[in-house]
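Encoded as structure tokens, here's the structure I'll be asking about.
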């Protein structure tokens, strides 16, 4: 263990554990949460680890409280996180909106299970990905990532904190039960190799003229002053002006909300991550994310072996949607296949951005997508020549 | 007042009042709610009116409680409703998912205000329409309507109850502050002219073999047994079999969730409502809903006067999306304009269903869309000949 | 199959110690031993036999064949609805 | 413009009844009359004058020009931060 | 025909009720379309209050008053704030004891509050004003407004309100020469 | 190379720990890829418990065991339930005192629980079994498993576990003639 | 004869969903005992079975709704009480029992609990207090004793637990009792009493959760906790409410009994005829 | 001289956002008085202004955060307390005060209130009790007296209100007091006391809401309610907690005072050094 408590080296971690360790490595020192399967192991690991590294672990009375507590901690300067699954995620929605409006960085992990409602608590799902985009009321933008391995549970947790702090935005880690519960090798790099994007901070010499919601830089992100630093800031969930004062005015509202959305869309390239394989000569592209991407890669490899010119594009980030990446391939490819553990969610977004037919390989959840189902779809699409949507 | 308390005749009602009266006319006799601007007048009117007509009005301690209470009342056989606005709507999401999973009919009114977060409590918005579609975790389907007048606050409230009961689904009335607070003539028809779709009920002679979640009819809707009727039903938010018993099984889950989604998509034609004007020769079509549709109609009329061949399609229902209506016109028209009081939400759906360019006229909220902004967009699109998206 | 019925009220007039017969539904038992330890007459003991899940069921202790007084304590404390007694008409 | 400052502690050694001067920020007053009715010395009364919003301000009642003892009750009960007194050095 | 009418005054003067009565008169007891809107703000109460009506002989799309054709004001603050937003040639009606119009402005005045006080209830100044409005604006029939009053106030005060309405209506006719 | 290994037994037999040790041995102390998964159900505890490992010499996409190449069972229920899901020609290792294999099945047996009891701690039957597995399955180096044990159990019981491992390992070699 | 007579059904199977038994609870778990008392009280109540309704939230205790062969609603976590309120107010003939865990009712559901008590809504609540969240694997709950170990307090809990009788008395409940799974006869009696009692009534049932709580706190088996209750419980009359806190692990009496029994009028929705 | 001297700023403007005053509250509303006491207590506290933080929820009372010139957080409805907990635990040097309404803190926020009291988190809560929801136009609140009229109980409330001191004592708070807006000196004193008191402290401030509550309940003006408090309040020592219910409209004493003042250890997150 290093002086800051990071367990550098090779480990055999459960995805949930890796997420907790990623948080510690990212400097997260506040966790407020409420247990829920299959994310509970994140809380349990942090309950054990935080006392060692000087972090605050508090189990709140519910998910509204968890979300509010991490925002308070963030306002006081901490990197703060919570973890949950579908039902708790739904309950966090209102205060995710508060995070957006107050521009308070935080990380929310959703280890997705079979849904809707209580659904299949111990079994996987990927059906909260549209909720991640639209779940709170109002227009907003945030970032969401989808790990496909325990290693990525670690890496993307670090990235999530970085994006959150850099853009003052809540960041969602949309894992699924397969990835959360599987155990695999995780390499924790030495601390100096863990990327750290700092929060932009105000100039202490300009305390009196400081406007907490004035974004002077082209990235549209205002510096963040923490409680107790003497800036005498006001934060509100009401529509506010650059000083942070409530203003009941449609134009101020439009300007504020537009900036909140554009600070993500304009910086999308720095936030977005995708990964592709076998794309050089691909005529068909399979798109997947999270645990389903593991099945997809296997299916693509199998299909390649059968000679099908199929490529594989993995969405590491879900939101903002990697529009640029899609634009680049949209016209080179004949057909798209989207595999996901839901009844077709990211596929809707793909459809809007490509002009080619999109075939969905869907399952409502409860079990990891079998690679064979994707392989079959690839064969079908390849044989059809012209494709149509199921 | 009729014997059942319906105030037949012509009235000058606020939209919120009309909604309350619509609920009474529909036979709603249970309201559980929590005050929030700009929906509070619905609760206030029902608090005054329900004691006259034998309805139960209860102000709950929060929106989670409100939602749960109306589901309980629905399970006991009542037509039940709640009303809220953005922040409360976000808090209701988890139990809206329960309503979906338990297939308990209910009506949730969201009088939308400027959002996200606390936003602009007294000013209008339309930015919760995607949340209506995706706000709870998991795959699901429900119905959502968008009234453009106090009269429609009445009419669509009645329709909402009918759809809810007929399809055992939560139905959302997605009003906005303009429509909720404006006062206009509302005609309450004689009771025998108020349409009433009944809940499908089980056969009392087959109590012992009754399976509360077995949909034998092609509409995919199982009959609903109420508490106290002797069917000894079990309802759960967990994935369940046709008996209602929890089953942790991916295939049962897939079958259940697929049915829940398809009972709406397969019956969409009976649920969906749209209205169109000037469509015969239209080359450009303006799409709008709620109060924005009033601005849009004015803009379209003005443009027609200028000789622009523009038509107007109003989304009376938002969800399920009127795919069929769009398919019909998708190829006859050169360009689409979507006007909405948000940064582009239903426009995304329109984009997926038409092959022509879609121009958005957006405003984040806080004031009703000025007709001139839409008129300008019509002129621009008409002049451009070829159009591109802002 | 056994008939299913509700408990009938005790006749309070005639005071006598009833004798009981212990019944068990083996596949329900999870071997928690609560019935065994809490039986006021020590009628039961852990059997060396297991059910399909591997749980050790209660059995009648040696010499206790007629010791059950039908106090029904095992019935009410068994968390599994696995054991109960019935009054023996003698 | 008036200087802004925090309240300074009272000198507790010298016991005397201080005399006060009433100050008002007219545009803050909402005419609630709380200061008027709760002043222990009845120093204030409702004025017939209104501020821009139409609220009737408090004014010094006739003959009460030197009656304020700087007890500061009006200061602490005014919900509007509109009225306060300052000790007069005589 | 589309007419935009704004009634404005001080919180507590019954501006909302006046608008409601007028709206009913147009839309229930005459053959016109009418929409009423009010401004909602975070301040619970106090300050200038206004009620807005759009009246037309065909369905009304845009329900808000943009440039009032008729402006009725019962307070100085309301006059000062809303006069500039009305049409330059709007019909402006004022409570002449409470409002001092700008010198360029030609207004119709009535001492509505005083007249109401004469009737014993200052609170019916709004209805006095309605009577005067009905008589002078020429946009709505007397009977329609009367019916609207009847259906809008508690039965115990219908008579008082009718009297107030009549007082305002008659005041207009008495002073007709001046108009 | 892709090998699917399933360890199964009764709740409380330390099946999870055995899987973890084996997974670590493969992925941290040998040069292989390994993924471990477990079945989660609503039942908190009790009944058959299994831990599954997929091992390969390249990245593993699909992490679940579909048809086990190696099945290790420490209870009859586990054997009965999981034998049919394993490959017909799978290597099946059993605690020969607790499992009665079907007559067609050829298994490798070890009295792991009894050997553990002989060491004074029934609870290390899992590690005895690991020793036997290591010696017989030929998929993992002895040193790798030993290192994994060292890094997985509390330091106070490392020695005991090493002894247990050795016991199982040696048992295989003693009985080599029979294999 | 050395074994009991083997049969395949139980006298209470009439109101159990016997096809779903064995249930999912762990060996030695106390929930089944509490459910049994509830089932027996229903049979003894004289209220037609069709009028009994059970509402649960999420948790091991919440699974009771799935095992009772009466109308049963297994709602979302924490929302059993407001769901029950909806049922009761929409059909006042129903005898509504909320059966759920302490985490469900007092952690995420705490707000509904105190407000239902304040309003004095006519429902009965059976709260299984097993000092932790069993279902999710033994985390800190609002009843976990100060210093106790759970999976989220591996070094001991830094929080004080609720004292249910005190909290509910302060909130406004009409009836509050506490028993344990060894007080089966008292427990059944008081459940029966709640059925007849207008207003909000609440019974706390201390129950072993050997797997979630016991094993980390030296009460490894359900049986051990049963014996502990037998030994340490004291039926308390007149003990001040603020002294009713519990620490299973401490060497102190555990007070059980009826702590509140009063007759404030139950909640009634407003009806015009009641006013005029 | 018949008018006071006209000036344009107030001695307290130093810690007010004077540019935002006049505030939005109605004439005669009591929130401003309670805020004044808080502001004065801050100045008197000796704690650097930079270390004072105010957290509010939504409601008229919640607007206080926007008027105090200290670090201030105007959160979502009901969530001020958990937000404050996050602030406090992440930076224990801060003096955190939650200033909000009774609806915010005890209706939608009720769960956080009782759990924060249970944990005894070291924050101070100032709760303005005006017997209704002012901001949304005068609806029933969790403190509305039985029978009182509000916009959602036009025929009188069918619900009993909470008794805050009792509820908070039962939940675990270290300090609970009640004052009214006429008890400005006591109120300021006790706010100051809370700043120095470890653990969860709570002061209830009865305050007029003439527009939302008063006018429907024959207390039409803020002043009337101030006079009513002057007349009917009794500083209560030793009154049992369960007798501290309030009905403004009834002809009964209204008890004010300090009701709980104890020294349970405040919540501390687990640190390894504290254990070893």
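Lettered A, B, C, D, E, F, G and H in written order, each chain numbered from 1.
FYI, a contact is a pair of C-beta atoms (placed from the backbone, for glycine too) under 8 Å apart; a residue touches a chain by one contact, two chains touch by 3 or more.
This is a predicted model, so every value here is computed, not measured.
**Q** Please identify each chain that touches chain C as well as chain E.
**A** Intersection of chain C and chain E contact lists gives nothing.
**Q** With chain centres defined as mean CA positions, report which chain is farthest from chain H.
**A** Result for the farthest chain: F.
**Q** Which chain pair has the highest count of C-beta pairs that touch?
**A** Looking across every pairing, the one with the most contacts is A-B.
**Q** How big is the gap, in whole Å, between where the Cα atoms of chain A centre and where those of chain D centre?
**A** Comparing mean C-alpha positions, chain D is 57 Å from chain A.
**Q** Just give me the whole-number Å value for how far the CA centre of chain A lies from that of chain B.
**A** Taking the mean C-alpha position of each chain, the two centres sit 30 Å apart.
**Q** Can you work out the whole-Å distance between the CA centroids of chain F and chain H?
**A** Computed value for the inter-centroid distance: 62 Å.
**Q** How far is the middle of chain G from the middle of chain H, if each middle is the mean of its Cα atoms, in Å?
**A** 34
**Q** Where does chain F touch two or more other chains at once, residue-wise?
**A** 41-42, 46
**Q** Give the residues of chain C that touch two or more other chains, as numbers and ranges in rising order.
**A** 30
**Q** Where does chain A touch two or more other chains at once, residue-wise?
**A** Within chain A, the residues that touch at least two other chains are 37, 47, 51, 57, 61-62, 64, 87, 94, 97-98, 102, 117-118, 121-123, 236-238, 246, 248.
**Q** In the complex, go through chain C and note every residue touching chain G.
**A** Chain C residues touching chain G: 1-2, 4-7, 21-28, 30-34, 37-38, 47, 55, 57-60, 62, 65, 73, 75-84.
**Q** Per the contact definition, I'd like the list of chain E residues that touch chain D in the complex.
**A** 10, 46-47, 75-77
**Q** Enumerate the contact residues on chain G facing chain H in the complex.
**A** 107-108, 110-111, 114-115, 118-120, 142, 153, 155-156, 158-163, 166-167, 169-172, 241-242, 264, 267-270, 272, 275
**Q** So in the complex, which bits of chain A are touching chain B?
**A** By the definition above, chain A touches chain B via 64, 86-87, 89-91, 93-94, 97-98, 100-102, 112, 114-123, 125, 127-128, 130-131, 133-140, 236-239, 248-251, 253-254, 256-258, 260-261, 342-343, 345, 348, 351-352, 363-367.
**Q** Which of the residues in chain E come into contact with chain B in the complex?
**A** 20, 23-24, 27-28, 33-38, 40-42, 60-64
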